[in-house]
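Supplied in structure tokens, the structure appears directly below.
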Amino acid sequence: MNLFDWQYAWHIMPQLLSASLNTLGITLLGFVIAIVLGLFMAIGRRSKRVWLSWPTTLVIEFIRSTPLLIQVYFLYYVLPNYGVSMTAMQVGVIGIGVHYACYIAEVYRGGLDAVPRAQWEAVTALNMGPYIAYRNIILPQALRPILPPLGNYLVAMLKDTPVLSAITVVEIMQQAKNIGSETFRYLEPITMVGLFFLTLSIVLAYLVRRLELRLELR
Amino acid sequence: MGDLLPLLLQGAWVTLQVTFWGSLLAIVAAILAALGRLSPWLPLRWFSVAYIELFRGTSLLVQLFWLFFVLPLPPFNVELSSFTVAIVGLGLHIGAYGAEVMRGAIGSVAKGQYEASVALNFSAFTRFRRIILPQALLAAIAPGTNLLIELLKNTSLVSLITLSDLSFRARQLDQATFETLEIFTLALIMYFVMAQAINFGMRSLERRLSRGRMRGGLS
Amino acid sequence: MPLSPTAQPLVSFKDVTKRYGNLTVLDKLNLQVAPGEKVAIIGPSGSGKSTLLRVLMTLEGIDEGLIEVDGESLTHMPGRGGLLVPANDRHVRRVRGKIGMVFQSFNLFPHMTALQNVIEAPVHVLGMKPAEARERAADLLELVGLGSKFDHYPSQLSGGQQQRVAIARALAMRPKVMLFDEVTSALDPELCGEVLGVIRKLGAAHSLTMLMVTHQMGFAREFADRVCFFYKGQIHEQGTPSQIFENPREERTCAFLSAVKEAN
């Protein structure tokens, strides 16, 4: 038996590619959720109002300290008992989005903390409402240095999507397992999936580094 | 709820064991890979970079599945228990991230330490073992704690290669009793408690190892 | 007091040259140090004084020339047929073992107590038994006046105390030559005296050969057997302390000494 059956690999490529679209879609949608939700969580955590900051902190720390797998199990199996029914894909996107929102909230927090106090004071002195203040003054300064870490979390999310296979989301890893269990040849499908992630993460990491250079952060 | 706990605790015990042995492997792999990365011998450096990029760049689940499904088949024909696969996969995966932490930590040791060691005629190996590594390990504790907690959380994936850890037992119980809310809430709380224990343990370790390093200590 | 000038030099620099890119830091340097001699090296910053000590301690390599310690080359060893071949690690370590160095920034091991700092090298490099090493270390720490500080960590000691531990640590390896690289420059003025006092004590009691790079002119004047004025990678002028400090011949030496006098 030969080492790597190239014909077989070529044969299963289309199936893997179509599943990879799922993987990419989940990652991108999840990322959008994460960066929007994360911003609100960061602002909530930094709030002076204790009734907002303490619960937010607790939620962030709890979600960050517990496995994504259990969180998606929770969403997928618990919520239907309370009348909320979603497809596995929807649960997957929300689960991964909320999970990473908590990591990204911490990145935002670092970025917001790094904005000089004088800027916050100027915003108050000029009587700017919070929405305008954040949009025009604070966020543009806070966001530049944190773009590279955000890019790194995008890569991390991509590599975490296979976890969703546990709730039957048909992303690329699940597809590979299905193919393998039909033909009992696992080497080619799983190795190809590995290469898929490796290539994407190298390309994305390279793009993040280019971004860092362009923003003159290195 | 009382009948849920024993099985969940059994699973948590497996989780702890995998975390413990996986951490040991990760630390060893991190130190070796960091040294390899810094080595003047090119083949060793390339090997270390390849290891680091490969295990960081691919998904942990892919690595676990590869070890679990692919290795037993020809041409490798290596059959490993799911426990072994769990430890090897987690250890090597987190070790690759740990290598970067160690590299930074080793680099943070003051150059004067190397010079004093040369002046005292230490061999490179003894110098690393007695002078550089202890100081590097102390510097690595803070970023290392985050990695260990990552390792803990990642153990949940071994349930997908049929190892009876906390996540596996939770799923099992859910399918048997459908007390879904209680089971998964308990599981989440158990992971949370374990993560805080790691946090606490590492902070105590850091305090103990840096005794005497604090400014303005005892007279 | 140094032995007679005809005795074989303990340390010998022959036409030693070292460059950093375009910058020549040591320029065909020639220096012979007799056993037991105390040599002070003075000169403006950047003249290469520290580099002289550093290449002797093998912290850096040289581009040309020959350095010999106790009759053996630092960089080469006798090969087959009596030819000189590049030295292997064992040879370098053997020759290096005859030299000890004390640094400007002390470089004590922060994760060890004073006593542990002093016994570390004898135990792990010389293979001494820990009990024996501890006894010797205690004697050395007493010698430098730190008999009550054995279990203190470097962060619990003043700069002067740390430097004295560093001296004890270097002495523990029984070197034949001790190098002192601006050992008081990082100390507050009131702490310099205790370190210089220890060096003075060492000089009187032992036949230790010493090379010290220093800005402490007063100390150099009363302690050294010979003073070398270093300028642009070469020994511009050398002689006894009274020759250099009272009757300097070269213009640059005069300029340097008067600038130093101005500053004090």
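Which chain is which? They are A, B and C, in the order written, and residues in each are numbered from 1.
Note that a residue touches a chain if its C-beta (ideal position, glycine included) is under 8 Å from a C-beta of that chain, and two chains touch if they have at least 3 such contacts.
Being a predicted model, the structure only gives us computed values, none of them experimental.
S.K.: Let me check something: if the centre of a chain is the mean of its CA atoms, which chain is farthest from subunit B?
M.R.: So the chain farthest away from subunit B turns out to be C.
S.K.: Please give the pair of chains with the highest number of C-beta contact pairs.
M.R.: That would be the chain pair A-B.
S.K.: Whose C-alpha centre lies nearest the centre of all protein C-alpha atoms?
M.R.: So the chain sitting closest to the middle is B.
S.K.: Rounded to the nearest whole Å, what is the centre-to-centre distance of subunit A and subunit C, using the mean of the C-alpha atoms as each centre?
M.R.: 58
S.K.: At what distance in angstrom does the C-alpha mean of subunit B lie from that of subunit A?
M.R.: Distance between chain centres: 22 Å.
S.K.: Please tell me the distance, in whole Å, between the geometric centres of subunit B and subunit C computed from their C-alpha atoms.
M.R.: 45
S.K.: Within their complex, state which residues of subunit B touch subunit C.
M.R.: Within the complex, subunit B contacts subunit C at residues 110, 112-113, 115-116, 118-123, 126, 130-131, 134-135, 138, 209, 211-215, 217-219.
S.K.: Under the stated contact criterion, what part of subunit B meets subunit A in this complex?
M.R.: Going by the criterion above, the answer is residues 53-54, 56-63, 65-66, 69-70, 73-75, 149, 153-157, 159-160, 167, 170-171, 174, 180-181, 184-185, 187-188, 191-192, 195-196.
S.K.: Show me the residue ranges of subunit C that touch subunit B in the complex, using the header's touch definition.
M.R.: These residues of subunit C touch subunit B: 57-59, 93, 96-97, 99-101, 103, 105-111, 113, 120-121, 124-125, 152-153, 155-156, 166, 169-170, 173.
S.K.: Of all residues in subunit A, which touch subunit B in the complex?
M.R.: Listed in rising order, the residues are 1, 3, 62, 65-71, 73-74, 77-78, 81, 159-163, 165-166, 173, 176-177, 180, 184-187, 190-191, 193-194, 197-198, 201-202, 205.
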